[in-house]
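Going by the order they are written in, the chains are A, B, C and D; count residues from 1 in each one.
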Amino acid sequence: MSEFVLLSEAVEAVMSDGDAVAMEGFTHLIPHAAGHEVIRQGRRDLTLIRMTPDIIYDQLIGMGCAARLVFSWGGNPGVGSLHRFRDAVERDWPIPLEIEEHSHAAMANAYDAGAAGLPFAVFRGYRGAELAQVNPAIKSITCPYTEEKLACVPSIRADVAVVHAQKANARGDVLFEGIVGVQKEAVLGAKRSIVTVEEIVDEFEGTGPNAVILPHWTVGYIAVVPGGAHPSYAHGYYTRDNGFYKMWDEVSRDRDSFRAWIKQHVLEGGPQDFARHAAAA
Amino acid sequence: MSEFVLLSEAVEAVMSDGDAVAMEGFTHLIPHAAGHEVIRQGRRDLTLIRMTPDIIYDQLIGMGCAARLVFSWGGNPGVGSLHRFRDAVERDWPIPLEIEEHSHAAMANAYDAGAAGLPFAVFRGYRGAELAQVNPAIKSITCPYTEEKLACVPSIRADVAVVHAQKANARGDVLFEGIVGVQKEAVLGAKRSIVTVEEIVDEFEGTGPNAVILPHWTVGYIAVVPGGAHPSYAHGYYTRDNGFYKMWDEVSRDRDSFRAWIKQHVLEGGPQDFARHAAAA
Amino acid sequence: MRQRPEGERTMSDYSAQEMMSVTAARALRNDDVCFVGIGLPSEAANLARLTHAPGLTLIYESGTLGTQPSVLPLSIGDGELCETALTTVSVPEMFRYWLQGGRITVGFLGAAQIDRFGNINTTVVGEYGDPKVRLPGGGGAPEIATSCGEIFIVMRQSKRGFVDKIDFVTSLGHGTGAGDRERLGVTTRGPTRLMSDLCIMTSDPETKEFVVTSIHPGITAEQIVENTGWTVRFALDVEETPRPTKAELAALRDLKARTEAAHRVPQTGEAAE
Amino acid sequence: MRQRPEGERTMSDYSAQEMMSVTAARALRNDDVCFVGIGLPSEAANLARLTHAPGLTLIYESGTLGTQPSVLPLSIGDGELCETALTTVSVPEMFRYWLQGGRITVGFLGAAQIDRFGNINTTVVGEYGDPKVRLPGGGGAPEIATSCGEIFIVMRQSKRGFVDKIDFVTSLGHGTGAGDRERLGVTTRGPTRLMSDLCIMTSDPETKEFVVTSIHPGITAEQIVENTGWTVRFALDVEETPRPTKAELAALRDLKARTEAAHRVPQTGEAAE
């Protein structure tokens, strides 16, 4: 049953050191404001789960919040490397980062299975792919009818899912639209959840043809954070700040400039800053 | 790649005696006009697949088109029995009907797996249910991670899927909205397909929040049959003819009155009659 | 199931059918998420929503989540269920993410036959391979019975329906008694309450057998015994079920009147095609 | 992958980069359904749609089906991909119903490293457990490589990218040669064409090895040998790749100019947050 709180209260209430956390958003609606709050609250030893651990996870990893990363593509989309992620994997800085690496198909199926309450997902994948040899979580299963050998992976059922959405209504139902990614599955599969939203509305009206609605009884805490996806975007509210993604390549290359940026914009900032950033994008 | 044809041409082109045919529509958008065309063309020995074989399959079964039925609930919704179905199962009239019976969960998962190109579906089902003892298609599989024993069924990949939709555009993309059921899965999982539509439009505009669109390259033949779902309904076009469902209970109780009805309304009728019936509903 | 004509067991100012619906409705709580079967369960669930449980979430297996119909649907997928729903999902998603996902607190079912452990038959009377009466089958029930937090059952009480041994186990109740669900790997509570036109039965926490815990006003223990196909047991402290309130009856009668008006067969002579 | 500055290999009136994009675009047919990777594949696929293949269906893994962006997306999930799509589906549905469902005729990929059999590495340079360079990883590619009808690859040619042995098999090409895909239970054709800034390579029907079948104007066989990490083979009847037409070049330059204008970093000084 959803509850409206401040973002800081939500993170305090649901996320502990050592939790498995899925902050999702496939390019769109990435919960950046919530990620900053996790950094401010200094969570440690997290298992971070995300198909595309882009800037938001680069920041968490660079600040030493994560002990483990489950992922399928770790880059700065359209720009290049994630320097903090690489520094952690290649040079154990600031702390070692264990990785569990998958393909997108595997993680998409694993989220789907998690939402469906299943312990594992079956798919036709990883054929001839070397990841199956270096990731012991990838197993195979034989179809009882055709004898075809298929891949399987454990389902994703995070301790905490964190997502950003366009709207909540007063009852706490949540609406996403545009590119909807795996957020529904991440929330339905997780034990607890935080949803940041652009705004609270009376009714969901004029929604697009691929709207996803999560009823209030499937959502944990809701925090209103306008602009909370910046530098990602919120379809119908603000566009992607492509310049920020390019700028991040420079800022994050160097450990000191990274830390200075985090100090200024995260540690000394807050969710209230996001509306301004999104408006300027 | 979709092609616009007459309904009679579509049925001639894609459906042969002995085919496995899934005419779907979960209460909504049931392809009745197409079912009548199959009766008129006298197809035999079909395997009919459908979660809810209601009136449309009662008619096909009563006319001896089906040798086998794969289903999960066979009744006249809100009214009672399907008398032709019962006559076939209980008294082999007009010909014996072999049945493969499932639960809705099993068939929904089997359609999902068929659309996903998988040979089988895994789900948590049939626990303590006696169907698992009388239907040899139901097997079990063990999760390689948790050792949990789960049910599995073969995926549904029909030779022909037949569905009714609200709209096609000129390129042959197809739009459903309202209660969307398993039609998308039935079409995507099938080798060939027929879609009857209410109308052809230039653009899909003002579509609702749960619209399903099938691109033209996933659809076989499209036939324009306004009212083609009657006595089922087409959200936004006409309502369910509840009176017809009640009337069918009487007509179908008796073999002679059933055959007289079919002669008058199906054998001597055609798809052009449906617009009138739907308008009167 | 065909229902007996209304008013067959009419009492002072309400019918036995009304007593059953009102009693069944009361079982639902305001924060329940209820997977609703068509017919009596749908009547009870909508009555609950219109009376003491306005926050009740109703789900029909056609994919409609949080639906608020103004009349009772004739089918599980009537258009109004979609029009008044918070959102509508595909049928595979309904069974995978919503039912199997473990998000439903109550499954509300009817039955053709039921036994003392709440096992349900809606498949056949007679042998499966050689049925005397072929019933519609399980539909959603086999997995509703095991995936929802608990199961409420509403059905008219008779020796024909309340039987010692059902002909076919369509949907698991408590199997042969305590521990059976656990042995089958089922973690949900199963049937906890049965509301009939005569009484309320509750699943005994120890034995899992249905015992009569409340008798409707004007009904005798003998009537219950006569209409039960097993040796029915009564709780030590059997209560009398509270009569329907004026508000409950008014809401139910309004709902049924609206429903009847909406579903009336058109008087156009021949119902064409 | 970082791209070299444009114009590095400029020819008379078009750059090598332009030659590559135009050549890659030409490989797509009007009725193809193409799963598009970001970067060079996206440029080629959109150019095809804007020139000879207006009916081409573009699919990005973010869930956008039949998208028609006016500028090249910077990411796989830019808003315009959704706004101009026929429909947008969830990411699980994309990978389950659409990719695994076998509905895509061409997967269009890039690579960091490739070998003569079209096996692709986008995971690591060096050892997996002790990488010299940690690349982004496979993303959608491992299953694109096996589920699409065939695979086209576009990448700039260099000894660093075209290697004798890739460090990690992120995505299967033809394995160690003919028969390997079949042995692994893969029924799709795999890599059939590779378009670089120097030439077109085609998978030999017998050996499955990439052989040079067409050389771009002004490029010598020696240049190709020098920029290939394996002993590259040439077809007996090597052709010269037709130069970009005026229309192709105009469409490509318009597309890139629109894209650059749309994605320019705002000149507001500090890019805030």
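Throughout what follows, a contact is a pair of C-beta atoms (placed from the backbone, for glycine too) under 8 Å apart; a residue touches a chain by one contact, two chains touch by 3 or more.
Please read these numbers as outputs of a predicted model, since none were measured by experiment.
Each of A-C and A-D has its own count of C-beta contacts, and the greater count is at A-D. Look at where the CA atoms of subunit B average out and do the same for subunit D: the two points lie 41 Å apart. Between subunit A and subunit D the centroid-to-centroid distance comes to 27 Å (mean Cα coordinates, whole Å). Note: centroid distance subunit C to subunit D, computed from Cα atoms, is 58 Å. Shared interface positions of subunit A, i.e. residues touching 2 or more other chains, are given as 116-118, 123-124, 148, 184-185, 209-213.
Residues of subunit D in contact with two or more other chains: 87, 96, 100. Chains touching one another, given as pairs, are A-B, A-C, A-D, B-C, B-D. Subunit D meets subunit B in the complex at residues 31, 33, 57, 65-66, 86-87, 96-97, 100-103. By the touch rule above, subunit B contacts subunit A in their complex via residues 116-120, 122-124, 139, 141, 143-146, 148, 150, 152, 154, 204, 207-211, 213.
Residue ranges on subunit D touching subunit A, taken from their complex, read 1-2, 38-39, 61-64, 73-79, 81-82, 87-92, 94-96, 99-100, 119, 123, 128-129, 131-143, 145-147, 168-172, 175, 180-181, 184-186, 263-266, 268, 271-273.
By the touch rule above, subunit A contacts subunit D in their complex via residues 26-28, 32, 51-52, 71-75, 77-82, 85-86, 89-90, 101, 103-105, 108-109, 111-112, 123-131, 134, 148-149, 178-182, 184-185, 209-210, 212, 230-231, 233, 235, 239-247, 265, 269, 273-274, 276-277, 280-281. Taken together, the subunit A residues at the contact with subunit C in this complex read 1, 115-118, 173, 184-185, 188, 211-213, 215, 217-218.
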